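Single-structure report; data block below.
Per-chain numbering from 1; labels A, B and C assigned in written order.
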Amino acid sequence: MEAVVDLHDAVVLLGRFPALAGVTVTIGAGELVVLRGPNGAGKTTLLRLCAGLLPRVRGTATVLGVDTEHGARALARRVGLLGHRNGLYEDLTARENLRFWGRAIGASRAEQDAALAALGIEGRLAEVAVGRLSAGQRRRTALAALAARRPELWLLDEPHTGLDTDGRDRLDGLLRAAVVAGATVVLASHDLDRVAALATRTLTLVGGRVVGDELASVSPVEGGDQC
Amino acid sequence: MLRTALLVAGKDLRIEWRSKVGMVQVLPFAMAVLVLFAFALDGNRSTLRDVTPGLAWIAMLLSLLLGVQRAFGPETVDGALDALRLSGLEPAGVFLGKAAALAAQLLALGTLLGIGVALFYGPDAPGVGGWVVLVTTVVVATTGLAAVGTIYGALSAGIRVRDTLLPILVLPVVMPVLIAATRAVEASLGIRAELTDAWPWVGLLAVFTLAYTALGLLAFGPLLEET
Amino acid sequence: MTAGTTTRPGTGTRGSRILGVLALAGLAWLVIFGFLLSPADEVQGDSVRLMYVHVPSAWLAYLAFGVTAFCSLMYLWKRTRSLAWDRIAGCSAEIGLLFTGLALVTGMTWGQVTWGHVWDWGDARLVTTALLFLLFVGYVALRRLPAAPHVRAKRAAVAGIIAFLDVPLVHQSVEWFRTLHQSPTILRKDLDPQIDGVMLFSVFVGVVAFTLVYVWLLVHRNRVAMMEARLEAGGLEQALAERRGEPVGTAAVGS
């Protein structure tokens, strides 16, 4: 089966600093991979590279069969990235944000509303301007926007931060369902206890390179709601 | 592409409607500029009447600078720019949508400015032919300004010193618009010119607008790619 | 363009030295023609000699910015995208500013001597030159902002094309500014007096000489820029080694 993410000795510079100093890793479909490592190890950079947002100066990087040098547009709707920021418009309501982002990638209204509901943003909450929501509620909205597009590859950068227990449970359910449906998930996290139950594989990143690659000893519990 | 443009334009205008920056900040600024000019020029009614078109367009240009800084404001606040890159929306469509939204806002501003000018500077009302020239001039010139403004807005989205850099970038470029639009409006109002004198100027404005709209459509892809 | 040899300091090579000699010869030729062999103008006297510097300067300014615009296009086009185009565009713009400044100063001096005042808003060419200067000052200022190489290159390329597209529009609007419905009896002492014969040839000599100077400056400025780029790239190996040597648990820049 064709690899979803295929990197060989990829070097990515942020300014002059080599955030990624030669990453080699292959990730197949249906995997749920956790990235761990100290601050500054390059986790965020790796995720952004896979999204096609960063140029690389050395090595190769192919995502879903497409060279990442072609940029995010080439990967277009097949990849979803949730970074540290939420990517929402503060003056619009949660529902309006979903309408815009949903229409941008071709998700139907039903899918958009279902995504919001799955993350617990419903009713009057969905009609409040995002700027007035709490950080956790914004995060949920951003996750809903990501879920609505049903990407083949989910790239999440510390998605659990800011979420309460209910939010984290919903997120975990979403991820499990996505993997069951055939998608691939790569998420960076410091919350190792929680993600240990989810992950099929753990990559450890230090100094811009992969120094550890472990498969989960027990396959994660399946189940959860369909999104 | 048009679908994208409509989607983006709608979104921008809705954000503008919610935040009301245009009404609450830019319009008073433009009015203040006109008042300053009236004081500086000693408030002599006949003098003011003759220089009205030039001053009105200067007020428009200064308001354009504010508009350009805001053009990508909503995108940069919460990382929506990345989401835009990943959304698969074609850059040309995004450009068209954003430029259209900016043009609409500038047109609204220009109309209100025109009313204010008519009341306080007191130029004579134009005849039917004069109205045609006036409206055509304002529409074409504003569209051209919006096109250039949107390109520079994207170009400067990541720059921190852009408040001081944008004037030196934008103002020299739009100088022909200032000259042409002022002369055309003078001709439409019969200030030191015949009505027929206006058409070469309108032609120049049309060339300006077409040239920069074309450039925007072509160059927006690379501009949006930058990280 | 051959790279400089690494054993000697400086950016000279045999090719560029020959070019330099030719440029100097051209300038000498210009001085001879401009000051000695061409006559003073009947109307303007010796001040017309300023034209031998002013006109070539203006031509070179347009050429330099044209090169910038062309290189910007080549950079933006995906098939030929390479930082070399961006580098040359930047170098050419800097030199172009030099020539534009020279054209402005000589133009204003000529104006002072001929009209009695330094500036005339009705003179299309002088005003266009001044705006050209402003346009590319903005361009150079934009280039100086710190950013990743490709980010800076894209910004500069688009700004360069915008600026260059504007030039004919500016020229046309300033020219029509005064003349469009003005009575034709208004006398304007043009910055392009009727010149022919030896005087025209002197201008031509000026253009050739200045072009040689431009190319020489461009070659050297570009080599300096290439060396700067090489210096940055050379630091990469060092930085990679340091990065890879990071022990588990340290905090570093970026994530």
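Here, a contact is a pair of C-beta atoms (placed from the backbone, for glycine too) under 8 Å apart; a residue touches a chain by one contact, two chains touch by 3 or more.
Note that this is a predicted model, so its numbers are computed, not measured.
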Graph class of chain-chain contacts, one of line, ring, star, complete, other: complete
A-C compared against B-C, more contacting pairs: B-C
Inter-centroid spacing, subunit B versus subunit A (mean Cα positions, whole Å): 39
Centroid distance [mean C-alpha coordinates] between subunit C and subunit A, Å: 48
Interchain centroid distance [CA atoms averaged], subunit B/subunit C, Å: 30
Residues within subunit A bordering two or more other chains: 55
Interface hub residues of subunit C, defined as touching at least two other chains: 148, 150
Residues of subunit B whose C-beta touches two or more other chains: 225, 227
Complex contacts: residues of subunit B adjacent to subunit A: 4, 7, 11, 14-15, 18-19, 74, 77-80, 82-83, 85-91, 221, 225, 227
Residues of subunit C touching subunit B in the complex: 76, 131, 134-135, 137-138, 141-142, 145, 147-148, 150-151, 154-155, 157-159, 161-163, 165-166, 169-170, 172-174, 176-177, 180-181
Residues of subunit C defined as touching subunit A within the complex: 148, 150, 232, 235-236, 239-240, 243-255
Interfacial residue positions of subunit A with respect to subunit B in the complex: 48, 51-55, 71-73, 75-77, 79-81, 83-92, 96, 100-101, 103-105, 129, 145
Complex contacts: residues of subunit A adjacent to subunit C: 11, 13-19, 21-22, 38-45, 55, 57, 206-209, 211
